[in-house]
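Listed below are the structures to be examined.
Presented sequentially are two complexes of chain A, the first with chain B as partner and the second with chain C.
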Partner chain A sequence: MTVKTNISDDKKVLTIVIEESFEFSQYQIFRDAYSEIDVIGIKFILDLSKAAFMDSSALGMILLLKDHADKLSGELIISKPSVMVNKILEIAQFHKLITIQR
Partner chain B sequence: MRILIIEDSSLFAEILETFLISKQCETKISSSLQAAKDQLIISSFEFILLDNHLPDGNGIDILPFIKSLSCKVPVMMVTAEDNQALMSEAFEKGVDDFLVKPISVDLLWQKIQRCRRLYDQSEVVNLQTQELENLLNQRKQEENLARYVYEYTTASLSHNTQYVDTYIQSSSSFNGDAFICNTAPNGNLFAILADATGHGLAAAISILPLASTIKAMIRKGFSLAHIIHEANKKLNIELPDNKFVAIIGIEINFNKRELQLFNGGMPDVILLKTDHSLERYSSRSMALGILEPEVFDPKIVVVSLEAISNLFFFSDGLIEQQNIAGKPFSMHRLLETLKRYDYKESLVSCVVNEFTVFNGMAELLDDLSICDLQIKSLIDSHVYNKPKLIAANKGKITVTLEIEGGLIASTDVVGYLDGIMRSADMVGDLRQRAFTVFAELINNGIDHGILNLDSKLKNDFSGFFEYLRLKKARLTELGPDDKLSMKFAFCPNTAQIDFEIIDSGQGFDMNKDNSVCIDGLSGRGMDLVKKLCKTVDIVAPGNKIIVNLKSNR
Partner chain C sequence: MMNIDKNIIFRIGLSLILLLLVNAILLEINVLNILISLGLLALLFLTKKQKENKTEQITPHENATDNPLLVSVIQNLHEFYGQEVEIIENEIDRTSGLVGEAVLGISDCFKNLTQLSEDQQTMIAALILQSQSIGDDEGTSLASFVQESNKTLDEFVSVIVNTSKQSLQTMAFTDEMVKQFDSVFALLEQVERIATQTNLLALNAAIEAARAGDAGRGFAVVANEVRSLSVSSTELNENIRREISLAKGTISKLRASVEEIASADMTPILKAKEHIGTMIEHIQDVSEDSKAKVNELSNITPQIANAAALGIRSLQFEDLTYQSLNSLKSNTGSIRQINESLNKFCNESKTYTQEQIDTFRDSCREITIKSKNQNQNRSVSQDSLDEGDIELF
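Let's look at the complex of A and B:
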C-alpha cells in the first residue's frame, strides 16, 4: 500500500490517494496522512481509483478518517473506487454514511 | 499616367508635354536615345512616345532595349516619315501603334488611352493566370497529402485473409468505397463493405473516420449490431444532412455455424448455395447517418452456414455502370453470371471478366467494389486450424498448503493462491471475489486465531495502536505449534471454488452476537466473507472455516 496526499492551494481540500491495496498493515502511514490537519470545514477526498484491493480493516480506517472529518465539521468523499472495492463498500453499506463518487 | 517623350525637336516635345499635362499626365523629355535609356533605367513609365530621327540614331533601334525592360510599357512611334517599310519594321520590333506628323492631339490621346487599356487588360490576365497556377499547385499538393493519408489508412483496413476475395476499382484517385475484413478476439470473422454517397475525395472523407472506428470496434470484440449502431451514431453527428453511407456488415460465427447479416441501403447480398441455387438478401434498413440514433433500429438477419458455398456482395457501381451503348450492367446480367458459375476460377475474377467485356472502354461512373466470402472453405479452414483442443471435461485443481512458525508472518499466501487462479484461466469476477475472501479469512485466522488478538481493541482510536503493537510483538514470537492449513479446489466445469482454512488457535465463542453495527470500527471481515460466498461454514470450536464461491456467470 502506498499513500500519497495533496492539499489544495486554499488548504480546504486534502486528497488522499491510495495505491495498490488498502489494508491494515499500513494503518500508521494512513493515519499520519491526515491526523495533523486541523482546518475547520476541511474536505477530505479519499481517492481509491488506484486501489485494486481493500480488506475489511480498511473499512475501519475509513471510519476513523470520517470521524476526524466530523470533528472538524468537515466532509469526507470517497472517489472513484474500482468495481471490486465499490462492491466491498456497498456490502458494508458505506454509501449510507459517506458520499461515494463513482 | 507617366509618359516618356523621346523627341529631339524641343518645340514639338513642348507641344506634346503641354497637351499631356492638360490631360493630367506627368511627362519627361529625352532628346537622344542615350538620354532615353538613362531615364528608363532610373524610373518607370506607363507610356512612351518615340520619334524616329534622333541625333544618336534611329528611334526604332531603342525598341529591343525597351522590350527587355522588366516592366512592360506600350510604345507609340510619332514620326514625320510616311514610310510603309519603316512602319512594318517598327511593328515587327514591338511598337504598339504609329502616328504620322503632323498629328491631331485628340487622335494621339485616343490612341494612347486605347493602347494603355490593352496593356492593363493583359496585365490583369497575366496576374489571374499566375494566381490560377498557384491555386492549381496548391490543390495538387493538398491532393497529394490527402492521398497519402487515404492510402495509409485504407491499406491497414483489410488483412489479407485467405478465402476472402475482393476487387475494388475507383472512378477517380479517391475511393468512396471501403472494405474492412478482420477477425474479432472471439474468432468471429467480420467483413464490412461501405459505400459513401458520391465518389472521389468528398466520399472518401466520409468513409475514412468510419473505417477506423469499425476496425477498432472489431478488434475490441463488439458485436455486429453494436458496431452498426455506433457507426450510424457517428455518421449522424459528423456528416452533413445530404451525405450518408450505405453498408453491408457480415459477422460469421464459426462455432454456432451461423452468420449475421446487415444490409443498409446496398444492393442485394447474394448467397450461393451448394446446390447452385441463389438466395438474395435485400436492404432492410436505412443507410447509415440518416436516422437519429434513438430511432435507428438495425435489422440484422441470422443465416445458417449449412449448405452455403459463397457469399457475394458488391457496391451499386457494379450493376449501374453503363457501357458505351448506354446500357447498365444490371442485376439481371449479374445473376445470370452467378448462375453459370462453375467453381473453376474465383467467383470475383469470373464476375470481373464478365464486367470488363461488357463495359469495354467506357469510363467508370462510380467506385466499384466486389467481395466474395468463400464460406465453405472458411469453415473448413477454421475447423482444421484450431490452435488447441478444448476438452469437454476440464478437470479440477486442488492445492493444500500448510505454514508454520515465522513464515506465517512473511508468506504472501493470497498472492500465491491468486497465481494458481490465474494459471487455471479463471475469469475476472470470481477471481477478484476469491482474492478478497482469502485475504479476509487468512488475516482472520492469523489475528484472531493464532495471535489471539481481540478485535474489540480496534473499537477506539488508541486501541488501533495497541492492536498494531501487540500484533507486531506476537508475530515475532511465533513457534512450531503455530500453524495455518489451507485447502483450495477449483473446478472450471462448475465454476466453483471450495476453500477451507484451519488455524492453530483456540477458536471463539460461536454463540455470541456477531452482528455488525454499521459504524463500528471492526467486525466487518466475516460479514464481507458471507456476502461474497455462496456458503460459509464455521466448524466448532471456531478455528476452521469452509467456504464455497461460485461464478456469477
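Let's look at the complex of A and C:
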C-alpha cells in the first residue's frame, strides 16, 4: 500500500499518508481512502512527508479531496511536504487555498 | 652763490636718485634698478665731498660747467629711464596679448566641457532606458515583461492543475460507468438464464408434443419456434455482452488517455519558475543599480558644470590683470614724465638758477605724489577673485 489512512477515535480526523511518489497510479486508492467518508466537519490531514515526487494529477487529487472536505464543511491540512513537493505546491499557489504545515 | 649752486646740483642729483629708488621700490622692479640707484647715490656724495674741499677756489661762473660728470650722469640716467620704460611697456603689451589669447582659449575649453558633459548625461540616460526595454513598439520594459511572463506561467500552472482535476473527475464518472456496465452484465446473466430455461421448456414441450402423436403436431411446431427464439435470445445476449466488453475496452483506453492528460510533470515548470524568479531579482538589481548610477551621473554633471563655471569665473583674473597692467602703465607714464622733465632740465642750459631747480624739484614731487595717490587707490580696489560676484562672460 502506498496510501495509508488512519482515522482518529472520535472519527473526526482522517490522516492520509502518501508513502511514495504521489501520482496518477494512486488515483483509485487515494479516492477510495476518503470517498466513503461523510462525517460533517471532518478534518483531513494529508501527510506528504514521505512523498518525494508529485505530478499535476496529484495536485488534481488534492483539489478533489479539498472539494470533498468543503462539501462536508470540513477542513484539509497538508502536513510536512518535502522541499521539492512544497515548491510544486507553491507554484500551483496551493498555499492560498489550503493550510500547509511545514 | 657758488656754494648755493653746488648744493642745488647736489640736491637735484639726490632727489633724482631717491626718485629712482622710490619708483624702483614702488614698481617692484628688479634689484638691479635699486642697486644702480644706490650706486649713483654713493657717486653723488663722493662728488659733493670733492667739491666741498675745493669750494673756496672755484669761481661762480665755473660752477655750471665744471660739473660735466654730473651732467653726464643725468644724461645717462635719462637714457636709462627711456630704455627701461620702453622695455617695460613692451612687456606689458606682450603680457596683455598673451593673457587675452590664453583666457579666450581656456574659456572656450570650459564651455565645451560643460556642453560635452551634458551631452554625455543625455546619452547615458537614453542608453539605460533602451537597455531596460524589450524593443517592442509599446516601449515595454524588461521588468514588466518578466512580471507578465511570471503571471502567464502562474495562469498556465493553474490551467494544468484544473485540467488534472477535471480529468480525474471524468475518471470518477467513467469508473461509475464501468460499475454500471458490470450490473448490466449481471442483468444479462439473468436474461441468459431465462433463455436457457425457455430453451429447456421448449425442449420439454417438444417431447410432450411428440408423445401426443398427431394431436400434438401443431404444438410441436410452436415448441420448436419457442426454442429457436430462446436460441436467438442467447445469441442476442452474447452480442450485447460482446459490445459492452468492447465498450469496456474503449473505457480503459479512455482511462489511459485521461491519465496522460491529468499527469503533467511539474518539474520543467518548477525550473522555469525558478529561472523567472532569478531573472526578476536580477532585473530589479540591475534596474536599481542603473537608477543609482544615473543619479550619481546626474549629480556629477552639475558638478562638472560648476567646476567649469568656477574655471570660467577664475578667468576673470584677465580683467584684474589688465587693471594691474594698466596701472603699471600709469607708473611708467610717471617715469616718462619725470624723464621728460629731466631731459628738459639737461637741455635748457648748463647753468641752473634756483628757480629752474625748484621748478624741476616741484614737478618731480608732484609726479611722485600723483603716483603715490594712484597706488593707494589701486590698493583699495579688488585684490582677490573671490571678492564680489563677477558675471560670467
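Everything that follows uses one rule, which is that the second predicted complex is superposed on the first by the 101 of 102 C-alpha atoms of A that agree within 3 Å, B and C clash if a C-alpha of one lies under 4 Å from a C-alpha of the other, contacts with A are read in each partner's own complex, and residues count from 1 in each chain.
The rule we apply is simple: contacts are C-beta pairs under 8 Å (C-beta built on N, C-alpha and C of every residue); 3 or more make two chains touch, one makes a residue touch a chain.
Bear in mind the structure is a predicted one, so any value in this text is a computation, not a measurement.
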Clash or fit (per the criteria above) of chain B with chain C on chain A: clash
Chain B versus chain C as contact partner of A:93, first or second or both or neither: both
Contacts of A:7 with chain B and chain C, given as first, second, both or neither: neither
Which superposed partner A:72 touches (first chain B, second chain C, both, neither): neither
Which superposed partner A:39 touches (first chain B, second chain C, both, neither): neither
Partner chain in contact with A:56 - chain B first, chain C second, else both or neither: both
Which superposed partner A:64 touches (first chain B, second chain C, both, neither): both
Doubly contacted residues of chain A, that is, touched by chain B and again by chain C: 23-24, 27-28, 31, 54-57, 59-60, 63-64, 88, 91-93
Parts of chain A lying in touch with chain B, wherever the complex brings them together: 23-24, 27-28, 31, 53-57, 59-60, 63-64, 67, 83-84, 88, 91-93, 96-97
Touch list for chain A against partner chain C, complex: 23-24, 27-28, 31, 54-57, 59-61, 63-64, 87-88, 91-93
Residue ranges of chain C touching chain A (in the complex, touch as defined): 154, 157-158, 160-169, 171-172, 175, 259, 262-266, 269-270, 273
Chain A contact footprint on chain B (complex, rising order): 432-433, 435-436, 439-440, 443, 458, 461, 464, 468, 518-519, 521-522, 524-525, 527-528, 531-532
